[in-house]
Amino acid sequence: MVISGMIKILIENLSLQYSDGKESLRDINMEIPANAITVLFGPAGGGKSSLLRVFNRLNDLADVKLISGRVLLDDIDILDPKIDVITLRRRVGMVFARPVVLPMSIRSNLTYGLELTGEKREKILSEAVERSLRQAALWDEVKDRLNEPAVSLSGGQQQRLCLARSLVLMPEVILLDEPTSGLDPISTGKVEASLQELKQGYTIVLVPHSVQQAARVADVAAFFLQGELIEKGIGKELFINPKDKRTEDYIMGRFG
Amino acid sequence: MDRQKKIIINPGSSDARLTRQKLGFGCLTLTTLATVIPIFAVVIYILIKGLPAISWSFLTTFPFDGVKQGGIYPAIVGTFLLTLGTAIFSVPLGIGAAIYLSEYASESRWTRIIRIAIINLAGIPSVVYGLFGLGMFVIFLRFGTSILAGSLTLSIMTLPVIISTAEEALRAVPQSFRVVSISVGATRWQTIRRIVLPQSLPGIITGVILGLERAAGETAPILFTAASFFLPRLPNSPLDPTMALPYHLFVVSTQVPGMPVKIQYGTALVLIAFVLGMNLIATTIRSRARAHRQW
Amino acid sequence: MESTKNWKEYILTRLIKISGYSAIIFVLMIFYFLLREGLPTIGEVSFVNLISIRWYPIEDYFGLLPLIGGSILVTLGAAIFAIPIGICTAVFIAEIAPRWTRDILKPLVEVLGGIPSVVLGFLGILILAPALRRLLDLPTGLTALAGSILLGGIAIPTIVSVAEDALDSVPRSYRDASLALGATQWQTIWRVTLPAARSGVITAIMLGIGRTIGETMAVMMVTGNAAVLPSKWNSLFLPVRTMTATIAAEMGEVAKNSTHYHVLFFVGLVLFLISLGINVAASTAVFKQRRRAERILS
């Protein structure tokens, strides 16, 4: 099911198992469209975060017993052990559930990723800092305090800083794992608004922290239960008219 | 009045228990004082008896007349050189090992063996290190009685302290930093160099200083590997033997008949000042770092 | 540019890995050298000689028993002295003293642990020994007792530090439950908290004793260095010689590769194995205690 134009990520028969048996994925087949917000939702343990971490190979850090299938980013299989994971992680950015700011200044948090590539030119770094902060709707609030420690920001600001940080390297895909779970409604609203703007230039995959958030932002929604993809749909269709009973039960709050 | 209350609430036993508690607390307080007061007493006593001996010439001139007169300059320099030598060998090796254990190694049989080895090294008596240093560095590698042999011996002795404190400091850095760093495309080493090491540096430095402080005060490892009773000149190469403060104190308090007591106390004072000074620096670094932490 | 970075990083990673394994290499090296120079003893000195009670190397008497006996006596004396005081101090700091004093007392005790043993030995000669001689009317103050007191002073900081950590990590809920049942704080400490921290406290004691056995300078300066088997009831008040002091005192005078030389290395080997045993046992207990505490607190 494609909404318009391109498929950014194609998942074919993906199965994943951890050594301790937790949160595995079973035979996932799915397409992630470009320039849209794809939402992966479902109860805990469903495999959503695991799938997210496959996209930037962050699951390499965990104890994976078995992984099979193909995940194609454009035309490259990112599960291929021969690919350059570093470059992949620059093409696919990630925002985590709890805002993790590095113990540095606001500016350094943002330039960190660029400096890793060897970029030293002040002009390029400063431009990247401003651009990403504007995209995260944070520029006005911090433009005079760029050299202050990032921990001095409020929770909502820190999370938007993390969003900005993921944008600095100009990735093609942005992954967000419950990005607003600790935030107040206003900050949540700001993040969601930024995502709506960003989707025009980026592919966004989001694990929401509530069904309501999923319904608010999804262009494509996919329901996961215990490692299986149960159902997917376009826009609000899944939330208004779920086809599978399990989807309906979850959305209705009968379990969760 | 009191008697009446007791009969109503709880006959007898609670009063006895409280008395026992008061007695017990008193005993414990006394015991702690017995532990703490001698510490003060030792330092202050040495301060009082040793201060008269301290003068600029004491600290900067050579001893003469056997060692019965003059200063302890070469011993001070010697201890300084030995500490430096120990640092040169044990710090990179120790921090490297700590980085390996904290950032690279997964918990396997081999890492357990490494940890057991570190525990062993920590428990070996200092005189056994002296024997080892004698056998390996002085004799087998033919360094002779030298600063080099002494430093190498002291480094191996200091290694476990540095490794364990450094590893603890590295592990204290939140794992989330590493994950974030990796997610923007850093390699493991880049993450270590740019985030983990800088954040853990105060803790590592504290551990290094405490380890070197121990090395500076040890006598037995340098007895057969580096120390010399009296040298007319300062050592001018790592293969020369040297005088050293702890060894000098040992000698002047046990091997020299007619040794002026004042100089003995002066030597002890300088040694304590050196060691406690390092302790103070380490503690200051540790508390200031804790206050300025951004996590 | 990326490839040079990779190459540098590769070498660095290799070096780090080697550093990690270096501890094993060093332990093996030490063991090897002790064996190499110590084992010839077995060929050169008869077993009967080694277990005799005469240590008189000049006349080829290499009985180890007086030395082992000396070490045991002094260590035992130190233990009797240090264990009660150390544990009581740890209890005081952890359970009774107000929170703010803890930050003063703990570093203070660590300062005692940092005083070089040669300084303590020095004070032992000048102050402790004469005092003992006068107080107890002995021919000399340089006795096992003096050694025990100094060694106790060296062991106490270790015992206090580790035991205090162990007591501190006992969950609050244990104490609260006991107090809620009507026990006094005193009763809670001895019947609930201390038993709960038992393995940590035992570890503290073992580590302290381990330090004691390995101590060289302080004992050498203060125990009188008479290699006599401590067999009389008043041996505590007589001069004695430990294994460590023997090595330190005699190593400087032996001819390389002589029998005496080999025997001294052999004594070193014995010391190595003893402290190995104690420290491994103590530290395995530390790991278990920490894991248990984590499970309880999680």
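A, B and C label the chains in the order they appear, each numbered from 1.
The rule we apply is simple: a residue touches a chain if its C-beta (ideal position, glycine included) is under 8 Å from a C-beta of that chain, and two chains touch if they have at least 3 such contacts.
In this text, all values refer to a predicted model and were calculated from it rather than measured experimentally.
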Original post:
Most remote chain relative to subunit C, going by C-alpha centroids?
Top reply: A
Original post:
Quick one: most central chain, C-alpha centroids?
Top reply: B
Original post:
Which chains, taken as a pair, are joined by the highest number of C-beta contacts?
Top reply: B-C
Original post:
Could you state the distance in Å from the CA-based centre of subunit A to that of subunit B?
Top reply: 49
Subject >> Rounded Å distance between subunit A and subunit C, as computed from the means of their C-alpha atoms >> reply: 55
Original post:
Approximately how many whole Å separate the CA-defined centres of subunit B and subunit C?
Top reply: 15
Subject >> subunit B, residues touching no fewer than two other chains >> reply: 187, 190
Original post:
Tell me, which parts of subunit B touch subunit A in their complex?
Top reply: 174, 176-177, 179-187, 190, 194-195, 199, 293-295
Subject >> Interfacial residue positions of subunit B with respect to subunit C in the complex >> reply: 17-18, 20-21, 24-25, 27-29, 31-32, 34-36, 38-39, 42-43, 45-46, 92-97, 99-101, 104-105, 110, 113-114, 116-132, 134-136, 139-140, 156, 159-160, 163, 187-190, 210, 213-214, 216-220, 223-224, 246-247, 249-250, 253-254, 261, 264, 268, 271-272, 275-276, 279, 283
**OP:** Spell out the residues on subunit A that touch subunit B in their complex, using ranges where they run on.
**Re:** 56, 58, 61, 86-87, 89-90, 93-94, 96, 98, 100, 102-104, 112-113, 116-117, 149-151, 162, 165-166, 168-169
Subject >> Touching residues (chain side subunit C, partner subunit B) in the complex >> reply: 9, 12-13, 15-24, 26-27, 29-30, 33-34, 36-37, 84-86, 88-89, 91-93, 96-97, 105, 107-112, 114-123, 125-127, 153, 156, 160, 184-187, 210, 213-217, 221, 244, 247-248, 251-252, 256, 264-265, 268, 271-272, 275-276, 278-280, 283
